[in-house]
Amino acid sequence: MGGLLYHEVIRRGLSRLIEVRRVVYSGRTRFQRVDIVDTEVFGRMLFLDGISQLSTLDEHIYHESLVHPALLTHPEPRRVLIIGGGDGGALEEVLKHRVVEEVVMVDIDEQLISLTRRYLWEVNRGAFDDPRVQLIFRDGREYIDECSENFDAVILDLTDPLGPSRRLYTLEAYRGIRDIIGDEGIMVTHAESPYIYQREFLTIHRTLSEVYRIVRPYGAWIPSLGPYWMFITASNVHDPKAISPGEIERRLRERGIETKYYTSELHGAIFTLPKNIMEALKRGDAGLSTDERPLERLL
Amino acid sequence: MGGLLYHEVIRRGLSRLIEVRRVVYSGRTRFQRVDIVDTEVFGRMLFLDGISQLSTLDEHIYHESLVHPALLTHPEPRRVLIIGGGDGGALEEVLKHRVVEEVVMVDIDEQLISLTRRYLWEVNRGAFDDPRVQLIFRDGREYIDECSENFDAVILDLTDPLGPSRRLYTLEAYRGIRDIIGDEGIMVTHAESPYIYQREFLTIHRTLSEVYRIVRPYGAWIPSLGPYWMFITASNVHDPKAISPGEIERRLRERGIETKYYTSELHGAIFTLPKNIMEALKRGDAGLSTDERPLERLL
Amino acid sequence: MGGLLYHEVIRRGLSRLIEVRRVVYSGRTRFQRVDIVDTEVFGRMLFLDGISQLSTLDEHIYHESLVHPALLTHPEPRRVLIIGGGDGGALEEVLKHRVVEEVVMVDIDEQLISLTRRYLWEVNRGAFDDPRVQLIFRDGREYIDECSENFDAVILDLTDPLGPSRRLYTLEAYRGIRDIIGDEGIMVTHAESPYIYQREFLTIHRTLSEVYRIVRPYGAWIPSLGPYWMFITASNVHDPKAISPGEIERRLRERGIETKYYTSELHGAIFTLPKNIMEALKRGDAGLSTDERPLERLL
Amino acid sequence: MGGLLYHEVIRRGLSRLIEVRRVVYSGRTRFQRVDIVDTEVFGRMLFLDGISQLSTLDEHIYHESLVHPALLTHPEPRRVLIIGGGDGGALEEVLKHRVVEEVVMVDIDEQLISLTRRYLWEVNRGAFDDPRVQLIFRDGREYIDECSENFDAVILDLTDPLGPSRRLYTLEAYRGIRDIIGDEGIMVTHAESPYIYQREFLTIHRTLSEVYRIVRPYGAWIPSLGPYWMFITASNVHDPKAISPGEIERRLRERGIETKYYTSELHGAIFTLPKNIMEALKRGDAGLSTDERPLERLL
């Protein structure tokens, strides 16, 4: 009954208590508070500034959902850019695609990556040491604004739109990414929760829709995160809904990808949304997130 | 910060704190503790014995998911039996099907239904007064065991397998229902959560599989319940996966059904499960729930 | 385990969870949020703006400690003024003193008093109906500022120094009271907690010391309030420490007072404080609470 | 808001949430779960099996209250036995008495003492290294039962009566201690909380009263423990109430004792109890704690 708990505020009026077996690490980097704890229910968990980021028990659901739909929709993603993703889980999934020749990962927080390499090895499993990886410790938005290279795919694996990461959820950021991927590329971002943070989800969707022709939301339930979670792919040519499960299956095999959660059949199902979410998207009354007025998750 | 909270234990090591604006009703019936509270986040919520049953904000997700896939899979469900469902939400969805001529609803707790009629009108909206409805206050399992009538569909809308309701999650109960629906009928039950209560979900699935040829799990996320939630249809002839969205659409129109969450496209998607759940189902190492050793949700 | 709780923040970093059996009343008056709840541990409790005020189980400890030391120190308190005290508990204790001929009670919140008369009868037991009582619904500070009458004793039974009640914890308020009681009178206030809210306690003490020659802190532990609680008497002539237990005993009998907690021996003991509190008082480095910069309890 | 908390159940229906800055140590010894955490409010705290034992902010209140009243009541305590007290705080206070020539400390948990020496140095400050100290790692009750030595004073500094420590709260244990101290000695024990654990307090008091002629309860509020806390001295000849503050003051000086909380005046005050506690003690309807039916704190 008594003992150590992690208290996570989901939003004003709703929170969770998670029993903690052991505090593996708890401290501050230059950029954020980092808590890595072993829990009764979800295995090892990572919290940044008090908000759950992943658990060893179900991080594959999150990372497979974030990475594979977009990367498999692209016929030949050779160069991939990851913004954020300091735990290395997205990186690990990207590297599973044999076709990928180079991954640039830009994370602002070098200390965080030292911590996740040490304490969350189960999540990144040596991914940081893959010769195809180039790690850059820098503000993601700055990198995007100054980037003159091209990438086939950009993956936004960010903390929620609170504080500095907000500048990676804006029209200007999405335009910068479009310049990087061109018309032939694809991007993906996680996109908050469809009911609990509906305003945030709709704002991200609308802002992407200003920049890209094909914007496809889909979701997954990751137990340790609490609410259901959304993702959105955006591209000017690539439509994940338009690719048959057969083609997805072929690419999975060709690229040598083993998954625990994602399948080609699931790819065919996840882009079908419930009526209430589709109608909320259609209403189109969400705000636009801009550098001047960036989206901020309300607490 | 301070004030009234509802504390709900999800399972050992995990709980939720939900801010309460107003306690609408709190007391005990002959069978269970009933709390009806207005919350900050989910509107009005119903708790039975401390476990969340529904909220006015999202009960349609639960009830549409419980009722429509099974009833639309059946070509002509004229007589429907609901066991449990004291809030009337499932009843309301069943009655939307014009083809339904008679609904028998068996709930053990008459006082609960008085309370839900009074305080959760938004959920049942006069459904109890529909002339097609016959309300029987009796133990659901007893009713099944002694029933000599036939029904086209049986809907199990139960409290979780804790206490007396456990006897409605057993092999013997499912056999009794099969006798009631015969080879031509279909049944559906909610089936706990695929990760958080995985043992419970797999046990229900395996037990149904002993009795029925076609057993189809599917899921939905209902925000106020916390974890993702599963449902399972079971039948000897009717396969919800085998019906095309077009046919579902036709039946929706023919029966005059308006929904907020469910669509024919969604019907085509929800039966596709992630790999980890499919593999857990295939392992087939779940226990069997019997009257002698009924499934009990661990706390 | 699960169920209704009252969450009370004691201060930043420390809070309590109190199991609630029944919410008796919960709403807002013009001035404050009022929650009256039946708890597992403390009987019926009153919370104002989320802060515990009393419980039926131990309110006598609070009210006897607030009223009797000051009133028994005064040789003949015939006219008594209570500021605040909307639950009527202090009033009941004052009326026990036969010598008291008139009590004026000034509380800003008429609705609160209707609620406490109805739901906390056990606390006030008809005290409001005593013919010696005059009830005035008005801001306490305004009353003090405009009062041209004299009283033998003034009892401050206020909410904590948060929001409007802060103006009753200032130098100006204490001076106004001194004008009302003159050199022959005595006042008493509750004074926060000696460790948990030490700054607040020391500030009240220092501010009173600017106005009165004899300032005597003493304490009591009231289980339902959580932390230990302080009170302070202030007067220019009456010193509760200087009166022998024998004289207190004589006055108790003469005035016909029955108590549950307070005794003449206890009177002789409570003014002896631990060394650490005495030293904190002697350091004299506490701030002064003035109308311009009133004391405010930090959260 | 979010983050690490320590949840302590005070009793069924009442608990505390304490914000944790850092987990210094968390693990199990052979005998108990040990959590040492740095908190926002109370400095460093020690929890055994989820129950708060002390904080660096106020341990002096507890340890001075436990040790000095009994030891100063004895005219010449040269040999002192401490049972429990694994944090070394009571030991430190005992050693302040110059007159003490030898202290035997018996604690069952050697690992706990290693931990408190390392992480709670602020509490024991080298006390374990004093040449007058003999440390024995053994079950306290066994030691008492087999002890053939004499001591002038015995100090019980135990965990609450839950689990194995219950055998140190029984008639048989108190008789064994009387055999050790003889008619000339004195013992003291902490004695739970007068309201929150009233049954427990009264049972300890009654059980001691079966063995000793002079049994004197007194209390102190130690903020980090939550509820007000009681202690009881027991002896056949020494009465702490019968010694004048002047004599206590003389002994304090003679023995060279510096305190932060306790004073000779306080000694004169603390044995005066409120009426409700005195009456509860007089009712004499508490149970007797025996080896066969030992007191157990209810949760």
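To keep things simple, chains are lettered A, B, C and D as they appear, and every chain counts its residues starting from 1.
To be clear about the criterion, a residue touches a chain if its C-beta (ideal position, glycine included) is under 8 Å from a C-beta of that chain, and two chains touch if they have at least 3 such contacts.
This is a predicted model, so every value here is computed, not measured.
Engineer: So which chains are sitting against chain C and chain D at once?
Structural biologist: Both chain C and chain D are touched by no common chain, going by the contact rule given at the top.
Engineer: Indicate the whole-number Å distance between the mean C-alpha point of chain A and the mean C-alpha point of chain C.
Structural biologist: 55
Engineer: Can you work out the whole-Å distance between the CA centroids of chain A and chain B?
Structural biologist: Their C-alpha centroids are separated by 33 Å.
Engineer: Where the CA atoms of chain A average out and where those of chain D average out, how many Å apart are those spots?
Structural biologist: Centre separation, chain A to chain D: 54 Å.
Engineer: Please set out, as single numbers or ranges, the residues of chain D touching at least two other chains.
Structural biologist: Residue numbers touching two or more other chains: 15, 17.
Engineer: What graph shape do the protein chains here make by touch: line, ring, star, complete or other?
Structural biologist: ring
Engineer: Write out all the pairs of touching chains, ordered by chain label.
Structural biologist: A-B, A-D, B-C, C-D
Engineer: If you look only at chain D, which of its residues touch chain C in the complex?
Structural biologist: Residues 11-19, 39-41, 58, 61, 195-196, 219, 221, 223, 226-228, 259-263, 265-266, 268-270, 272-276.
Engineer: For chain A, which residues count as touching chain D in their complex?
Structural biologist: Against chain D, the touching part of chain A is residues 1-9, 15, 17, 20, 22-23, 26, 33, 35, 37, 47, 50-51, 299.
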